[in-house]
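Quick heads-up: structures coming right below.
Across the two complexes that follow, chain A remains constant while its partner is chain B and subsequently chain C.
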Partner chain A sequence: MQVFKAFRKIVMKKFISVFIIYTALFIGLSIFFTSSGGTQVEDAFELSEVRVSVINEDNTALANGLENYINGIARPVELENDEESMKDALFFRQTEFIVTIPNGFQESFHSSQNQSITTMSVPDSANSEYAKTLIDRYLNTAKLYATAFPEISFDEIHEKVLADISTEVHVSFVDRIATSHSSELSTYFNFLSYILIAMFISMVGRIMLIFNNKEIKMRNYCAPISINYYNYQLIFGNLSLAFIVWLIFVAFAFVINTGSLNETGSYLYIVNSFVLAILCLSISFLVATFATKNSIDPIGNCISLGLSFLGGSFVPQAFLSDTLQTVGTFNPIFWYVKVNDTIGEITSISRSTLEPIIYGILVQLAFAVAFLAVALVVIKQRRYAHQ
Partner chain B sequence: MSFHIFKYTFKQLIKDRMALFWMLCFPLILATLFNLAFSNLMSTESFEQVKIALSTDHDLPEDLESAMKESNIFNLSYTTETEAKELLANREISGFIKNTDELELIIYDSGLNQSIAKVFLDNHVQISTTIYNIIDGNPQLIEMGFLENLSFTESYTETVPVSESMNMIVVYYFALLAMTCLFSSIAGCYAISLVQANQSAVAARVNVAPTKKLKAFLSMISATICFQFISAMIAITYITQILKVDFGDRILHIVVLCLFGCFTGTMFGALFGLLVKLKSEVKEMLLSNICMVLCFLSGLMVLQMKYIIQEKAPIIAYINPANLITDGLYALYYYDTFHRYFLNLTLLGSMGIAFCAIIILVLRRQKYASI
Partner chain C sequence: MIVKIDNLVKRYGDLIALDHLNIEIKEGEIFGLLGPNGSGKTTAINCILSLLKFDKGNIEIFGREMKPTAYPIKQDIGIVMQNVAVFEELTVYENIDYFCGLYIKDKKKRKELVQQAIEFVALKDFVKFYPKKLSGGLLRRLNIACGIAHKPKLIILDEPTVAVDPQSRNNILEGIKRLNEEGATIIYTSHYMEEIEQLCSRLAILDKGKVIATGTKQEVKGMISLGEKIVIETFNLKEEHIEKIREIPNVIDVELKENILTIKQKSGASNLVNITSFIANHDISYGKIYSELPTLNDVFLEITGKELRD
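Up next is the complex of A and B:
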């Protein structure tokens, strides 16, 4: 096991600090990424929360009542009343609907020519349609009361309107199984594909560059061990490195999402990510055969970003363009993310639910074997070229 | 002589494959990836009619149907209950409405479309409650013809047009352009190592020559700026012409901003190279990481970052050259007025000039008896 020993020594002496920094960096990245994304699927009907900002210039009973009603149903976003901050917030979708209740709105409410509430929103967005429906609903009911009982105050009207508005239509779900809350885990593991591939190419690539150095290679091939045995030891060294990194990230997944380990399908994520680790390893093994000291970073960046962007690690696969979804069949990361998404939707373990998952995993393994085979062939070819 | 130095610096940059990759190819590759990954992202936002099936097994209240048609929010279809369930399972409709004993909305999962449908139905059911309450409180109203003049569908809102340019994704491309401009700092840092005699052998040779140091430095720097500016132009052309991302029609202003960006970026790198005493590889690595952090703060990786920084720490937004470039482009794209654009341009320019002044002050009259 001389080669493996040499491998271990190189890692411990030359790269250990770099690797630790790398790992810390990517752990930070994945926390950031997971906490910013991920939506939960709820079982009971919940009204969608639109981010609405109410700017109340009127401050009368009617205006305040409307404001309270909107804030109760939507997610209120505080905004300053100047045009630039309103526009900026709208562009970055911090708020989706800005309602300005003009001064004198309540006074003109009785007259036929009432002042309109001005709204700002993203053009033609569904959220703004929804918010408009809510506002009109409140005001139409208020108007009915106001016309019927001109003598009562707007505070009373507000009470009455709220009581009426609580009347609801019965909502039921079509028969289906409740979904589990594994979407955060799914986001984390999807992002993991980028992390693993970027880390492995940079780590494994750097170590392999040393072994691929012409002089060192010539010396090593002089030794009385077969080239196959030599390569297997190298692969074993890389595998153990990959295993440690993979273990850290998987353990970390369940540290962030405590309590999700015993959910259905959690261990499937682990299996799938292990397959991914092997896959990424063989990709980086292949990359290391042709990369040079200067080109390893650019190549690594392109491959890791490219495969993960196109595979849907960052953006859900449903949002990818149609051509990409077809071309994705040739992208191993695409398969990985697809399996993850399937696991996320799984509710029970049975033969039929496991089948697509196993199929996806097998495809990834096939990719891994193919890349590794190419790498080995290239290594062998190189050897003859040097002679 | 200046032109001579300019020419050779330029040639050197073109022949340096690493520089070519990071300054020219990397932005193009990232732009392509953005384009592929985000092409469908914004399409979920726009409003499409909510697809609702009405069950034909039982009769629905007539006024409900007409109200739904009138509202123009729904795309109605008529099916039997079993068919509707199938459509639901395939997510072809958002929900279906049946009326066995009372109105009921059946859905697959919660969402915006379902909420719209529910609020509409709630409203319909609730109006009759309201009328009942009113008549209960004041029965004479019926005689006064109250019921005839009822209106439930009056609209109280008036939309103020904001801007047609609301595509949030372009900020990614703006941040990308900022990154392209700021990558010139690495070349700027390199240029310094070619004129500062204690940094490289070439620089020592350059200093021996009877060319003025300022002249040599300015020629090199302008070659760097030129090269970076060309690659920024290539990136803009690629993004707008080939990827068909709409940047608005103020192309000339964008070009000017990019030129300022390249200038400030180069000066920043030169200043960094001058003041920080480390090995050249370490310096370049540090610089590219600083650039990435600056770009991160201006929204290259997470769009909302730009907004968060602007709201929570406006000082950082105003001293971050990446954000000044991104914000300037954003102001051009989104606002009708040029006020904000010129503010960014001025800040960016003065920052570059300040850097340049410091560099010249530090560089001048440095002589070495021995190195």
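Up next is the complex of A and C:
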């Protein structure tokens, strides 16, 4: 086991620093994500207030009611009633939406030729469309009351409309495991893909470059050990390294998310990340066949960041464009993240819930085998070319 | 016979790197492979070590056929590659221990052998150094230690003194002599004829993948018509003198270059008395006169028509 021992010595001497750097980076980012509560899920919703200015020329009960309603749901911005000021305010984004209620608006509310309110907005603003919808909703409801009950005052109509449209619906996702740890684990394991690829290319790739050095290789082939035994020792060394690194990061996942080990899906995260470790190892093998001492770091960064970004390690896959999602099927990290997301959504373990997970894991394994096969073919071709 | 190379042919596409090579190396000798760069020395070594496949021929080492899987044969071979083959990430001691460990499994024995190798190449003060910190000469010595630590019966050294300072070169050559005295058979390749002359008991001269001369130094030198060379530093030599010297019996060639007159003689003939008499009779002033035996370069020059270092 002379080759394995040399492998171990080189790792201990030269790559502990790489491991510490990546671990510190990973721990730092994990803590940051956890403490900032940045659970990036595609169903997260946050109410935002639009900056709206109301020019009330009518000053009647209906106009005042509408103005109060708008100011209640939006962030009011006061403006002078002249066109120049309005255009400036929109241009400099002091306000996003300007509503002008014309004189005689209430009077003409019942007639067919009623004075309509005019609006100005920032071009292509989604928020202004949202504001228009809310104003329409108010006025439509008010008109309904005014038509049905002509005897009641506009003050009463305003009360009734407000009561109607301020009703809120609370939505909860019952199909989720709905535990606090699930999304955190998912985020952690998704991010792990970047760290494992970057770390393995940096460590395994560089070690393989050392052992693939032509002089060292030829010198080893002169010794009374078979090429297969030599390669087995290297593979064993790499697998040991990958296993230890993986084990540390998996253990860390359950240290920072205490109590999550017993949750449904936790073991599936572990299995999926183990397959990821094998996949990253085979990517590193492949990179080591064509990279050089100077190029391995830039190549490693491109591959790790590229695959992780396009695979959805940093942003939810739902936010990726359709094209990226289609292209993503050729990216093994995409499948890894997809499996993680699927694990995060399951409520119970059954054949139907496991099927997509197993499928995704098999796809990753297929990628791993393919990368390894290409690496072995390249190595063999080089050996023949040399002879 | 320790090594027997029989009719070896190695091609790289259309290029014939080794052209029906026949070499026999006896036990206990230092055998030199001499030839200019690209003559096929390293290719021959790589074929001997089964690092390269060859197209035709047969190689026997210790009386057995050499193959990539001939591990018992490899066990008794030490190799010092032309390019230094050590791990930059391991110290001097760890490197020697690693390469020795590929041959010797017993830890205690290995420790002793590693210590002996360190002492042999005089790297005792550098055992904890990393290769990057070593000078060119020390690095070459480390390379040798890695190759010989397991006490092999046959040691192959492929140009071990390339880019080494004269002091380290002498150290290395002395070390190789000691290894041979301890019983190892040595194959030494070089394009430095002085090293081969100094070190080897027998040699083969290679050119374009062919052995153009082989035998002991005397045998090889005896293959050419050139005998001794008389060299005179002279100051007032005229063209007519040169012509007259040419007419002296057994003189093959006369050449005057920057006041140095070189007179080449036929093999087996001595003309020193005749030449000195001629100089005295013609009042030719001179600084020094000496005679030289033909060198391996002369052999190479006569056979191939070019210098060894061309």
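Following the convention adopted for this analysis, the second predicted complex is superposed on the first by the 235 of 387 C-alpha atoms of A that agree within 3 Å, B and C clash if a C-alpha of one lies under 4 Å from a C-alpha of the other, contacts with A are read in each partner's own complex, and residues count from 1 in each chain.
Keep in mind that, in the parts below, a contact is a pair of C-beta atoms (placed from the backbone, for glycine too) under 8 Å apart; a residue touches a chain by one contact, two chains touch by 3 or more.
Keep in mind that what you see is a predicted model, and the values were worked out from it rather than measured.
By the document's definition of touching, of the two partners only chain C reaches A:10; chain B does not. Of the two partner chains placed by the overlay, only chain C lies in contact with A:2; chain B stays clear of it.
When the two complexes are overlaid on their common chain A, residue A:226 makes contact with chain C while staying clear of chain B.
In the superposition on chain A, A:210 makes contact with chain C only, while chain B stays out of contact range. The larger set of touched chain A residues comes from B, when the choice is between chain B and chain C.
In the superposition on chain A, A:218 makes contact with chain C only, not with chain B. Contacts of A:329 after superposition: neither chain B nor chain C is touched. Residue ranges on chain B touching chain A, taken from their complex, read 17-18, 21-22, 26, 29-30, 33-34, 36-41, 44-48, 73, 85, 88-89, 102-116, 118-127, 129-131, 133-134, 137-138, 141, 146, 150-164, 166, 168, 171, 302-304, 306-307, 310, 330, 334-335, 340.
For chain C in complex with chain A, the touching residues are 46, 49, 51-53, 68-69, 71-72, 74-75, 77, 79, 81, 83-90, 94, 98-99, 101-103, 146.
If you check the complex, the residues on chain A that touch chain B are 32, 36, 41-42, 44-48, 50, 84, 87-94, 99, 114, 116-130, 132-137, 139-141, 143-145, 147-149, 160, 164-165, 167-176, 294, 298, 301-302, 305-306, 309-310, 314-315, 318-321, 324.
The part of chain A that touches chain C in the complex is made up of residues 2, 5-6, 9-10, 13-14, 210, 213, 215-216, 218-227, 386-387.
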